[in-house]
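The letters A, B and C name the chains in turn, as written, and every chain counts its residues from 1.
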Amino acid sequence: MTAAGHLPAGPVESTLVGDGDEGPRRRGPAGYLLLLPGALWLVLFFVVPTITLISTSLYDPSGSLERGYSMTGHVQNYFDAIGDYSAQIIRSLMYALIATVACILLGFPLAYAIAFKAGRWKNVMLVAVIAPFFTSFLIRTLSWEYILGDNEPVVSFLRTINVLAPDGYLLDTPFSVITGLTYNFLPFMVLPLYASLEKLDPRLIEAGADLYASPFTTFRTVTLPLAMPGLVAGTLLTFIPSSGDYINSELLGNPRTRMVGNEIQDLFGAGDYPTAAALSVTLMAAIVLLVFVYVRRAGTEELV
Amino acid sequence: MGEDLRLTSLTKRFGAFTAVDDLDLTVPQGSFFALLGPSGCGKTTTLRMVAGLEQPSAGTIELGDQDITALKPYRRPVNTVFQSYALFPHLSIEQNVAFGLRRQGRKKVDAEVARMLELVQLSDLGRRKPAQLSGGQQQRVALARALINEPQVLLLDEPLGALDLKLRRQMQIELKRIQTEVGLTFVHVTHDQEEAMTMADTVAVMNEGRIEQLGSPEELYEAPASTFVANFLGQSNLVAGAVSQGDGERLVLDVQGTKVLAGRQRARVTEGKVWVGVRPEKVQLSAKGEVPESEANVLAGGSVSDVSFVGVSTQYLVRMPWGQELTVFTQNTGSRERFRVGDGVDLHWRPEHTFLLDASQDASAGVEREDK
Amino acid sequence: MSALRGVGRWAGEHVVLILGLLVLLYMFVPVFVIVLMSFNDPGSRNSYSFDGFTLTNWQDMCAPYNMCSSLVLSLQIGVLATLGATLLGTLMAFAMVRHRFRGRSAANLFVFLPMATPEIVMGSSLLALFVSAGAAGVLGFWTILIAHILFCLSFVVVTVKARLAGLDPRLEEAAADLYANEWQTFWRVSFPLVFPGILAAALLSFSLSFDDFIITNLNAGTEETFPMWVWGAAQRGIPPQINVIGTIMFVVALGAVLIGSLGGRRRAGAT
């Protein structure tokens, strides 16, 4: 976070996932000991499985759970997976992208309102942002089946004013899938954005006005750059889980809106582990690539 | 009751940077001692080493005949009043003040806590939390919390820095009173030279890790040992000159063609090129040519270039024929009219107020003062 | 004319707030729907409309087959995963903020990565691990628990780190200056001040664990947690009791937050 964006706060500035200057640190073995259990867990159940996943993706696909798999370095799995499911992969990334953009458009005004316009309602609004999360993800998503249902008020209204054809529908379409994704991940955009905006000294905006900038110019040249860390964090926290989600697609979509997550789940269910693993790794690689390019261009110095 | 605090060859290096450079210092028991210097001079680092919060790179710290250099902070009979107070936000004032005693195993501490709170005049606020107190009140809690343990040395790290001017002046008097009453050794670190001179019995001026001069406030002020001390404490006029006659009771100097006398006591150098120094308040202005006959040093031919009325005094800047601007402070006794810009004036002062410094030193050392 | 302009100006100044409130309202629509539908008397098994009002769903909460036992399993796993993740994560956070060690940036990266991995990928890797380890036949309670502790761990570390980093290190110095040794400093100063962060991390862990579907579904074997049960119900026919549970979850969580913030406010204002 740029130091120019806010006045010196208390003794120590805290960064969410940061390694800032956090005061004196102790030497000695105690640090390693404290780190050990958690680090061990991470290595055993995150690092090792990732390696296992990659090696599984190279198994001979003719094996099975019962008979076992043989490791043949079968890179062909990747070409098969990408070839068979390229549509789903692209669709997943597209849906996630659209949902993320929607989250930015919806989330920014909300985060801005909470940070600057909420006054004493700030905490109430923050609770209201996360409150919908107090019910289960699945139940919330299911409720959209009702809201976007054929005979429900929303669709009826849209038919009446001719936005939808008389037999038009919203459910089981890409629209409903993306709506679900947007809805479910909106708080992940709002909260980091809010955290960034909250640190912004309102006097900087005043300074912009004092120096002849119109409200829009001030927003573009002062507010937006300083909100960047939050925007980047929010984008990543929205895009990444969305691209791997399959719940929204399954509950709110149709066979033509299947995402890569649906395919991976089914492949595992069917016992085709090598292909499933290859597809999984492909998805991860695509995400890593996109994130890398994005973070480079957005220029955040500190996210980890 | 206590012991002398002795620092010997104390050094602290942070990588390539030497914060404290081979420091030798003795703080007599029961005195109010000030460590004065600009930010970055190493005074806080020295204090932290005495507290045990920083390990020296070299040298020793002794309390009486006990070497405490390697002791952990909680084993030293030394307590600190922190610059930011560092009050425990989750404990009440009473619990904060009682903290040190409790850690030493004492169970019944209510009476002492009450007495200490009375000493710092916070008796009714015992149950409150630090966040509910004003800055001045928090500062007093920090003091009480440290004092209650009756340490052999009480360290104060710029404790008045965050207070506004009036409150600071008040607290300076308070602290001095408490120290006199309680009789403990206080080591007070500050960058405010007025504060140091007001409160301390002995002042050590530090610059870049070293002690420039150590002595009573009067000694430091009237007979500075270096240009740094001369400029850091108050203001000084430093004019280039040379010693023309170095023997006898008085030294004779040549200052820009004029003969000037100086006493031997305040001369750090007695031959060759020197800085001839005199404090602005020791200098008097007369209209051109009207210097009264007396045994005064006279620098003639000046022209007033700036006049500042400061209420108690008037501060003049006088441009001398050789181009240098000298500063003169005149008390507004009301007995004469103020000079105006452009007036021709002569400067004069008593020879015993002259001090001489090594010409090889930088005349602007110590002039830069940080904003606070 | 000027009245209109006055209104226009008021709207202009408040447009952001209005927009924000609209978005907030949008976020709450499903919640209203869920509460509403908990009183629904469905016309058919696959009905998605509000057919009639009834209280029987609330009275007969555990009627659907296996729903309540799946709830119990989710609660058990939630509690255990919270304990595990909070413990491991808090230790890690202390190490990363207050101690010096080599490989700090690697540690930061490895803590961050699980949060940046899509659930399907993380679930897949874990499944691949369990299968390779020969545990394909014993997928169930323990594999679910392991998975949950894993993905909660990162969130705990980040949350506690944030709280710990905001803690003035001078406070620990002051404690040492006042005769507290390392353990006393931790127990009497550091821990009480970090505790709100630890508590927040625990609550976050619990909700992440309770609500998880994708990772759990891949690694559950024959066990069924509540989200898995809901998923199954979505194929079979959604009983209205699901919305009863959803409403209860919402009320309980909201209540916990309100109690927590009230308690906090009372403590801060104590004289």
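Note that in this section a residue touches a chain if its C-beta (ideal position, glycine included) is under 8 Å from a C-beta of that chain, and two chains touch if they have at least 3 such contacts.
As the structure is a computational prediction, the values presented were derived from the model and not from experiment.
Visitor: Along the graph of touching chains, what's the shortest path length in steps from subunit A to subunit B?
Guide: Shortest path length, in steps: 2.
Visitor: Looking only at C-beta pair counts, which chain-chain interface has the most contacts?
Guide: Looking at every pair of chains, the most contacts join A-C.
Visitor: Cα centroid separation between subunit B and subunit C, in whole Å?
Guide: One centre to the other, that is 56 Å.
Visitor: How many angstrom lie between the CA centroids of subunit A and subunit C, rounded to a whole number?
Guide: Computed from C-alpha means, the inter-chain centre distance equals 16 Å.
Visitor: If you look at subunit C, which of its residues touch at least two other chains?
Guide: Subunit C, residues with two or more chain partners: 168, 170, 173.
Visitor: What positions in subunit B touch 2 or more of the other chains?
Guide: 84
Visitor: Which residues does subunit A have that touch at least 2 chains other than itself?
Guide: 11
Visitor: Okay, in this complex, where on subunit B does subunit C touch?
Guide: By the definition above, subunit B touches subunit C via 51-53, 72-74, 78-80, 82, 84, 86-90, 99-100, 103-104, 127-129, 131-132, 145-146, 149.
Visitor: In their shared complex, at which residues does subunit C touch subunit A?
Guide: Residues 14, 16-17, 19-21, 23-24, 26-31, 33-34, 37, 48-50, 87-89, 91-92, 94-101, 104-105, 107-122, 124-129, 131-132, 136, 146-147, 149-150, 153, 157-158, 161-163, 165-170, 173, 207, 210-211, 213-214, 217-218, 226-227, 230-231, 234, 238, 242-243, 245-247, 249-250, 252-254, 257, 261 of subunit C touch subunit A in their complex.
Visitor: In the complex formed with subunit B, which residues of subunit C make contact?
Guide: My answer: residues 168, 170-171, 173-181, 184, 188-189, 192-193, 268, 270-271.
Visitor: Along subunit A, where are the residues that touch subunit C in the complex?
Guide: 10-12, 14-20, 22-28, 30-35, 37-39, 41-43, 45-50, 52-53, 55-56, 65, 106-107, 109-114, 116-118, 123, 125, 127-129, 131-140, 142-147, 149, 151-152, 183, 186-187, 236-237, 240-241, 243-247, 250-251, 260-261, 264-265, 268, 273, 276-277, 280-281, 283-284, 287, 291, 303-304
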